[in-house]
Every structure is written in structure tokens, then in C-alpha cells.
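Residue numbering begins at 1 within each chain, and the chains themselves are lettered A, B, C and D in the order written.
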Amino acid sequence: MEQIIFYLLALIMIVMAIASVSSRKMLRSVVYLLFGLIGVAGVYFLIDYNFLAAVQLTVYAGGIVVLIIFSVLLVHHMEMEMETAKKSKQILTGLSCLIGLGVFLTIMYSHEFTVVENTLTTTTAEIGMGLLSYDAGGFILPFEVISVLLLASMIGAIVIAKGVKLENEGKETVGNPQTRIENSQETEDEN
Amino acid sequence: MIAGISIYEILTLTSILFFIGVYGFITRKNLISILISLELILNASAVNFVIINKYLFPENLQGVFFSIFIIAVAAAETALAVAIIINLYRQISSVEVEDTEVMKY
Amino acid sequence: MDILSLFVLVPVLTILVLFATKGLKQARLVAMFGSIVQLGMAVNLIFAYFRERAVNTDIMVFTRDFVWFKSFNIHYAIGVDGISVALLTLTSIVVLAGVFISWKMKDLPKEFFVSLLVLSTGVYGFFISIDLFTMFLFYEVAVIPMFLLIGIWGSGPKEYSAMKLTLMLMGASAVLLVGILGIYFNSNADGGALTFNILEIAKVSIPFEAQKLFFPLTFLGFAVLGALFPFHTWSPDGHASAPTAVSMLHAGVLMKLGGYGIFRVAMFLLPQGAIEWSWVFIILSATGVIYGAFAALRQTDLKYINAYASVSHLGMVMFALLMLNKTGWNGAILQSLSHGFMTALVFALIGMIYERTHTRDITRLGGLLKVIPFISVAFVVVGLAYLGLPGFSGFVAEMNIFVGAFQNDDMFTRVATVIVISAIVVTAVFLLRVIGIMLMGRVKNPEYLKLPKVTWYERTGIILLFIPIIGIGIAPLWLSDMILESLEPFIRGVL
Amino acid sequence: MSLNSFLLMRQEILLLAILLLLIVGEIFIPKNKKSSVVHLALFLFGIHTAVGFLGIEESSVFGGMFQTNNLIHFFKNALNIGVLVLLLQSADWIQEKIVQKNKGTEFFILLFSSLLGMYFMISAGDFLMFYLGLELATLPVAALAAYETSKRISSEAGIKFILSAGFASGIALFGISLLYATTGSIYFNEVMEVIISNNLTILAFILFFTGLAFKISLVPFHFWTADVYEGSPISVASYLSVISKGAAVFILMILLFTVLKPLMHVWENIIYVIAIATMTIGNLFALRQKNMKRFLAYSSIAQAGFILLGLIAGTQLGAATVVYFVLIYIFSNLAAFGVVQAISLKTGKENIDDYNGLYRTNPKLSLVMMLGLFSLAGIPPVAGFFGKFFLFTAAASQGYYFLVFIAVVNATISLYYYLLVIRAMFIRNSNTPIPYFRNKIYMRLGLLITAIGILVLGLYSPLYDYIYELTGIFG
């Protein structure tokens, strides 16, 4: 049963990923990505990392994708078709990616992994404890660092997007500063 | 552990995702699409960490934590990138890579 | 303060004082004062050397050794033997003469003298070093000011010449660097510590394979500076574009670094490599000698003529070094010295002529003997010295070179020697041609009839350079002794 | 947690405190006195730099996630000095262009948080901290690159930087995940014990190295560099080329020499090829540049190639020469960028041709520039000569004579284009030269420090010996 679900998920993820990097419609591309990300969350559910799956859904599907959709809506005319790269470049890149994939898979399959049989389930409490423990194996320091990282990127995003008086009067001002500030705060809250 | 699924199959899946991301990053002409490809690459790595943790080294949770942090960093990165893209759009009304190339190699 | 470090310190102090000066008058006074002090130190060094030599039989005397970079075993190690003393004296005389010749430098005088003194610092430092690292450092210090000296104060295609010269010489130093590193990493062949010190390395027998590999690199690195054919192309262009004093210093002193380096580093430290490879470089240097002479014959620009003559003469120096015997080496070093004085003097005279007539094309000059007799007579005399006439320094040097060359009695060297000797004839032809066209005959341009007289500073410069030319010619023995004495350890090491 | 661990993390905590202080300051400083924030930031950072010189114990905290030793501490100090000089040089620009738009404090906050990221990156004891440090060091700089929001070229630089950086760290992450698969740990000390050379590990390493190669802008991962440098404000370009690159090189060195040492037979081959490619291509592109910022961008690519010569040695000697060279490189490049910045701020000119005749109008600036370029080119007696000579020695010590030969040939090529700038300043004349101007005190101080550094670092040998001693940990 789980096997079938996994294959189904894998199929969905790959198809969606391909669709999202080849679709010529901006918004569709983002929506395909959304499904791909949900597929990842599905994999997390399958291996019993429920918390991680939840994070994946809320932050990725709920935060990042929404952010990207916002930006698509703000900057892009939806009907417009995107330009694509030259066919030759596409084929060349595709081929080299396939070769790279081949190399990866050959190396991975030739490597003996010692799989440890386990049915451990990880609770959210454990993760929370790990995040806040400062003993060996604890992750308090990265936790602190990432808070600085989020602060910095929030400040950066605000400063960049903060409305400056446009030199060219003719151009429309897209998006008011308020939206972006909220967006950035959103990302911080997700942590 | 997913019954009946070996680690090789999951690694295959993530490798495919990774290369789709790489392919998109190189061929796409649109800044937002490039951002999307980037998310695929990051996700492939995140899944890798989690399943390696689960399949090979379940005694501690290093991989899981790693992927949580990857997600957080991805969020920050996206927020910043989107801010810059929007600012760029205010100036040139386009997000196509061609339009951004006033600078030549 | 030890007597040798002063040779680096005094120019550096002069440079610092120069930075504080304003205008041409102050700058040239400071530069002159600094150079006179240097000359004084050089003369003092000669006497001190003889005194010291009488009681000290080491290879190098006045040695000082300070650890600089401990982990690399890099030392600031200095010391001199007779050869370096002679070359130091040469340098100090040419520098002082160069300052006098540049007495009327109008454009950016302060910067000019600073660059000139940076150059001389490098040369002094090079001659006193017995540590490969500091030697290499001073080598580059000496080369790099040439770029500004030619570029800013030169004439003609100065940017091109400056760039070509700097890049070729720095490229050569790049090759040299690999050679030096090769020597360094083989200097522990006998189980000691790695060292850059020449005297220490000389005691070690570097493996033959390494010698074979690194000798050509080291030789080539120095030989480019000595204008070895076919890497000489920077030299005529550079000399032609450079201002007078720079041509003097460059041909007279800087190019001697090449021969000295070959002798002190390539030959001394890698003798087996030298024997292995000498045939290649004999061919190249002999070609250079004959090529330089013929090229000089074809030129009409005075500076080009002298530049090619320098290529020819320095080719002879390298040829003599490759003969690998005592007489030849003695000749090579004497030739270096004598050529240094002569070529500096010729360039100075060319500069004076050019300043007055605004041309260096001999076909447009004529009858100068009547209008500027002092310069013209000096030109004739130095021309005769160039020919190797007895009584001048050139004769002693060339005599030694050919005697040394004939000591090798295999067919190959014989042929090469004969070719090299034939260059003397060509040299005679082009010198007489120059003298005939330029100095004799009637005055071609009426404007030349009222050329300004030679000034006191020009006179001083000329006389300063004449003294050693004639001095070596008349009394070569004390110099020869000094050199031969210093050659002993090299003979023991190499042969 | 104890007081001891606070002491170990002194640099980080102090910088974080400054960061927070600036945020508070932003709230309390009245709007018409915003320019005082520049003085405040400079003052605070100056104190921070000075305090950094107090010694530190070797230890690690947080279960090995954060480690420090004298070498790391020394390098943090070097970064501090670099940033301080950079801030001095860009103080006027911030006053005139940034504070005016009411974005002064944020500039400092972003810069300092990026520096904080570098601290964590080079002090990292595991791959997670390394990754987070890397991102913290990178993301704020992307915002800084896009800082001149009214300039299109600046936004382009920002987006190009953040996307390439994201791509690079994505690839590196995949590599780390595979490394985690083969070793079972993300902690450096544990990885070091169990890592063995097999195909998967090598693949992991290559991916990981690719990610770092982007940061150091090694060929073939250099394509973003010139565009980003050209578009960014000069201070940011300077920061990228000096501080960012320096820190990345340092952490690469630590990783290669400790954790990844068992893979040395792999990485020395990779580095061999990349070093040649980087030096050559960086040089060839630098030859054709007209714009000073692009010129310095390619020149710094070539310099990165030279640094690899020290890495390839894989010994204590190699480590010492790399650290020493990076230190010298910081000063040299800051001198060059400082002059470019001073001129750009006064006249807006950034092309090499605009520098024609600069010596006759602004001799001091030209001299500083000359010192910087000579140091980059490796001309004695300035520091760059020693740095390069030692790097070459390090490579030659392992018998890589051919590589050294290629490198010295490249050094000569690089001399050519450095001389082009010197030619413009000293030899060429111009009808419309840059007029004489006098810099403000901060800029003068910033340039003076770099000039002194360039002159002293090489000749003063105890410094090198000290570094050599510190790198004893790679024994």
C-alpha cells in the first residue's frame, strides 16, 4: 500500500516539477510547484515525520509559494507567455542533466548503504527539545543564527522594497510598501 | 521507513528533482521561474537529509533538523529575492532575464 | 651599521628625502648628494676590501646574516667578493653620471630621481645579496621602475617600449622564480635544512636530474636581462625610447645583472647542469654576438646602433661565461665592467647630441667635430675603446675572452669562437661608419653651426665615465687580480 | 552555558550587540540627525575591532557546533580590520547617498549581520552551522548589492547575486546530504574520523566544492562576478571581493585540510585543473575590461586562482601562505577599491580611460592605487610579492613545478593589465583629467591604513612567522 502511494507521489512530483520548469504560463508554473511541494510533504508523512510535513505545508505551500504568487501577480501580466530559451540550449542542457543524473544514479546504486531497520517515531516534543538544547546534539545555536538570518533578510527586504520616490513619473508604482512588510513578517513568524 | 521502498528509490527521486531544478535554472529566462527552479533544488536536498536520517541513521535527528533549517533559509531567501524582483520590476517593467542584461559578460 | 647595508640604506634615505623636496633644483641637489655619497662608499669599499682580503680568505667578505622569514629559512644575507665590489663601483659611477646627465630634467623631476634611485637600490641590493630570495627581490625592484622611467620621460613609442621591456623582463623573472624554487627545494640534498643561501647551497651537491631541469630555467631567467638572442628584442626598443640617464643605467648596469646572476647562481650552484646545457646557450649567445653586430650595421638611429652593439657585447659576456674556464670568466667580468662604462658613456654622448640637434639619425648629422668638439672627441675615443684598442678597457676584456675560448679545443667551440671573433670586425665597420658619417665631413644643417657649448655638468659626467675606461685599460692588473682571486672558489666548485 | 562559552563567542556576541544597538539607535536618533549613525557605527565597530585583539582560548561549545582557536580568531580580526577599513572608505558615500534616503542604519545592520555570518561560518563545527553561516553571510549582501534602489543596474546585481548564490548553496547542500549519507554525521570531527574515499563521497565532495567555488568565484563558476561587482555600489563590490572571498577561502582551507583531508588525492587534482583555469580565464577577461569595477572583478578571480596554489599543498606551509596571502589581498584590494570609490564619489567616473593623467592632479590617490596594484601584481617590495612568492613556494614544495610555472606566467600577464591602469594614471595625459580634490578624513584614514598595511605586511616578517605558528594545527 505504502509502496503504491510512494510511487504515485513520486510520479506526481516529477511530473509537476517538469511541468513547472517548462510551463510557459507563469502562474501555472507556480501552481505546479505547489503540487510538487505538497508531494514532498506527502513523502514526509509516509516516513512518519509529521511535524516536518506540517512545516513543509505551512512554510512552503503556505508561505513561500504564496509569496511567489504575490510577486507573479504584482509583476506579471497573466496572459503573457514567457519567452523560452533557444531550442539548442534546452536540448544541450537537458542532455547534460540526463548525463549528470546517470552519473549520480550509477554512483548511488553502486554504493552499499547499511539500512538500519527501525520503526521509531519522532514526536514534535523531541524536535522542540532538540532545537532548544545546548548540550551536545542540541540545536540552539543554529536556531539563534537563523533568527538573525531572518531578521537580516526581513530588514533587507523592507529596505529594498520600501517605496522610494520614483524618478520617472510615467511608470506606475507597483505594490505598496505595506504588503511587503507583512510578507516579510510572515516569513519570520513561520519560524 | 516506507514499506517496500528502498533508499535507492527515494534517492533516485530526489536526484531527478535536483536535475529538473538545475535544468530549469539554466534554461529558464524568467527571474521568478529561476526562483522556482531553485526551490526544487533545495527541496531535493531537504528530502535527502530526511530520508537518509530515517533510513540510515535513525538514532539522532541531525538530518531532520537540517531540513527544517533549509526550509527556513529558503523562506528568507525567497522573501529577499521577491523584494528585489519587485523593485527591479518597478524600474524596467519586466522580469525577463534578457531585459536585465544591460551588463555584458 | 655594516658597510654593505649602507648601499641599500643610503639610496632609500635619499628617496625619502627626495619625497620632501620641491622643484628641480632641490631634487637634483639631493640626488647628486646621495649619489656622491654612494660613490664615496664604493671607493671606500674597494680599499676596505683589499684590507679585509689580506686577512680573510673566505669566498665572501663583510658577510652579515639576519634571519628574515624563519620558517622558510630566508635570510637577509649579504657579502661581497672582488667581482661584486667591482660591479658596485661601476653602479655608483654610472648612477652619479646619470644624475649629472639628467641635470635639466624638466618634467616631474622629483619622481624621475626617485625612480632612478629605486632602480639603483635594486641593483646595489642585487650585487650584495648572497641569499636567493633577497636577490630575486632586488632584481624585481630594479626592473619595475624602468616602466615609469621609460613611460613617463621617454620618447618615441615609449608606451610600447616600456610595456614590452617590463613584461619581457618580468616574464623572465617568472621563469627564474621557478628555477630558484627548484634550487631551494633541492638544497637539502645532503640532509641539511632547506636554504636560500648561495654559499650554503654551493656546498651541497644538487642531484643531477634537478640540475638538468633547473639550469636552463635559471640561466634563461637571467639571460633575458642580459639580452640573450632571441630574447633581446626588448633591449633596442627600450633603449631607444628611454631618456638618456635611463639608457645609461640600463645598458651600463641593469643588464649586467643578467651576466652576474648567471655566473653567481646558474653556474655556481648548478655546474653539472651548465656542462650539460652549455652547447645550446653557446649557440644562442654566439648568434647574439654576430646578430647584434650586423643589426647595428644596418641601423641609422644612434641609440639603436648602440643598443644592438650592447646586445653583441653582452652576448660575448655570456659566451665567455659558458666557456667554463678561468680566463674566459675573467674576460666576461672585465667585459661586463668595461662595457658598462663604455655604453653608459656612449648613451650619454648620444643624449647630448640629441639634445642639441634633435635628431639621432646619423644620415642627418655631419661635421659635428667642428661644432661640438668636446663631445665629438669623446665619442671618437670611446669608439676606439669599443673596438678593443689596446690601452682601453675593452682590449683587456676581449683578449681574455678569446684566450679563454681557445682553451676549449673541441670543434664546436672553435667554430663558435671564430664566429664570435669575426663580430669584432663588424663592430669596427659600424663604428667607423658612424664616426665617419656623423663627425667628419661638412655640416649638413646650417642650424648646427651654433649649437650650445658643452656645460659643466655634462663635462663632469663624461670625465667621470672616462676615468675607469682608461684606468682599466692602463692598469688592468689590480682589477684582474681582484677578480681572479674571487674566481678561485668558483673554479673549484665548477670544474 | 557558562561564562567561559560567552568569552569564546565574544566576537559574535559583541557584534550582535552592536547590531541591536544600531536598531535601537535608529528608533531614537531624530530624523534630522541621521547622519550621526555613521559615526556611531564606525565608533562601535572600531571598539569591536580593538577588543578582538584580546586573546582567546582554544575550545568548542554547543556540543562542537561552534569551535574557535587562535587561527580562527586571528582571521576574524583580519576580517574586522578589513571591514573597518571598508567602512572608513565608504563612510562618505553612506553619508551622501544612503543616509539621505534614510537607509543608513539598515546598511550597517545588513553589513554587520553578513559579517556575523562569516564569523559563524569560519567557526563552524558542523555542516549545519557552516551552511547557516554561509547563508547569513550571503543574503544580506544580496540586499546590499541591490541597495541603490533607484538604479536598475544595482537591482540586477542583487538579483543575479542572490540567485547564483542560492543555486550554489543548493548544489552544496545536495553534496552535504550525500556526505551525511556516507558518514552518518554532520559534525566535522565525527565526519573526519569515518570519512573514506569512495565514489559516493567523491561525488558528494565535488558537489560541495562546487558550491564553495561559486562563492570564491572560481572558473567555471565565476560568471556572476563581474556583473554583480559592476552593478553593486562600490563598497559592496569591495566587500564581496575582499571580505566575502577571504572568508570563503579560509573556510574552504579549513575544511580541505581537516575534514576532507582523506580525500586529498581527489581534491588536489580538481584544484590543479581549476587553479589553471581560474588564473588563465580571469586574466584573459581582465585584459579586455574598460570599467574599473569589472576590471577588479576579473583581477580578483585571477587572484583566487593564485590562492589555490597554497591550498593544493595541503600542508601547514600551504595553510600559512594562504592565510598570509588573503591578509595581504584584503589590504591590496581595499586600496584599489578605495581609490575607485573616492574617485567615483567625487566625479562619477569609473572607466580606466578616465584615470588618464590622474597622477598630475591627484598624486596621493595615484600612489595608493599604484601600491595596491603592485601588491596585487606581486611586485616587491610591497606585500603582494611576499604573498605570491610564498604561495608559489608552497605549491613547489609538493613538486608542482609545472603549476608554479603556469602561475608565474599568469602573474606576468596580470602585471600587464595592472600596468595598463598605472600607465593611464602616470604616463597618459588627458585634456579633461579628474580635477584635484581632497578627500574627507574617513576616506583618507581608510586609504592610509591600506597603504601602510601594504608596505609593512610583507617586510615585517614576524607576522608571517606568527601565522605559521598558528597554522601548526594543520601540522
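The rule is short, and it goes like this: a contact is a pair of C-beta atoms (placed from the backbone, for glycine too) under 8 Å apart; a residue touches a chain by one contact, two chains touch by 3 or more.
Since the structure is predicted, the reported quantities are computational estimates derived from the model, not experimental observations.
Shared contacts of chain B and chain C, meaning chains that touch the two of them, come down to D. In terms of Cα centroid distance from the overall Cα mean, chain D ranks first.
Here the CA centre of chain B is 27 Å from the CA centre of chain D. With each centre defined as the average position of its C-alpha atoms, the distance from chain A to chain B rounds to 6 Å. Rounded to whole angstrom, the centroid-to-centroid distance between chain A and chain C, based on C-alpha atoms, equals 70 Å. Residue positions of chain A with contacts to 2 or more other chains are 104, 108, 113, 137, 139, 142, 146, 149, 153, 156-158, 160, 166. Counting partners per residue, chain C has no residue that reaches two or more other chains. Under the contact definition stated at the top, the residues of chain D that touch 2 or more other chains are 128, 132, 135, 139, 142-143, 146, 149-150, 155, 158, 181.
A list of each chain pair in contact follows: A-B, A-D, B-D, C-D. Partner chain B is touched in their complex by these residues of chain D: 127-128, 131-132, 135, 139, 142-143, 146, 149-150, 152-153, 155-156, 158-160, 162-163, 166-167, 170-171, 173-174, 176-178, 180-181, 184-186, 223, 226-227, 230-231.
Residues 317, 320, 374, 379-381, 385, 389-390, 392-393, 396-397, 399, 401, 404-405, 408-409, 411-412, 415-416, 419, 422-423, 426-428, 461, 464-465, 468 of chain D are the ones touching chain C in the complex. The part of chain A that touches chain D in the complex is made up of residues 103-104, 107-108, 110-111, 113, 134-142, 145-146, 148-149, 151-153, 155-160, 162, 164, 166-167. The touching residues of chain B, counted against chain D in their complex, run 18, 21-22, 25, 31, 34-35, 38, 41-42, 44-45, 48-49, 52-53, 56-57, 62-63, 65-66, 69-70, 73, 76-77, 80-81, 83-85, 87-88, 91-92, 100-103, 105. Looking at the complex, you find that chain C touches chain D at residues 68-72, 74, 133, 136-138, 140-141, 144, 147-148, 151-152, 158-159, 162-163, 166-167, 170-171, 174-175, 177-178, 181-182, 184-185, 213.
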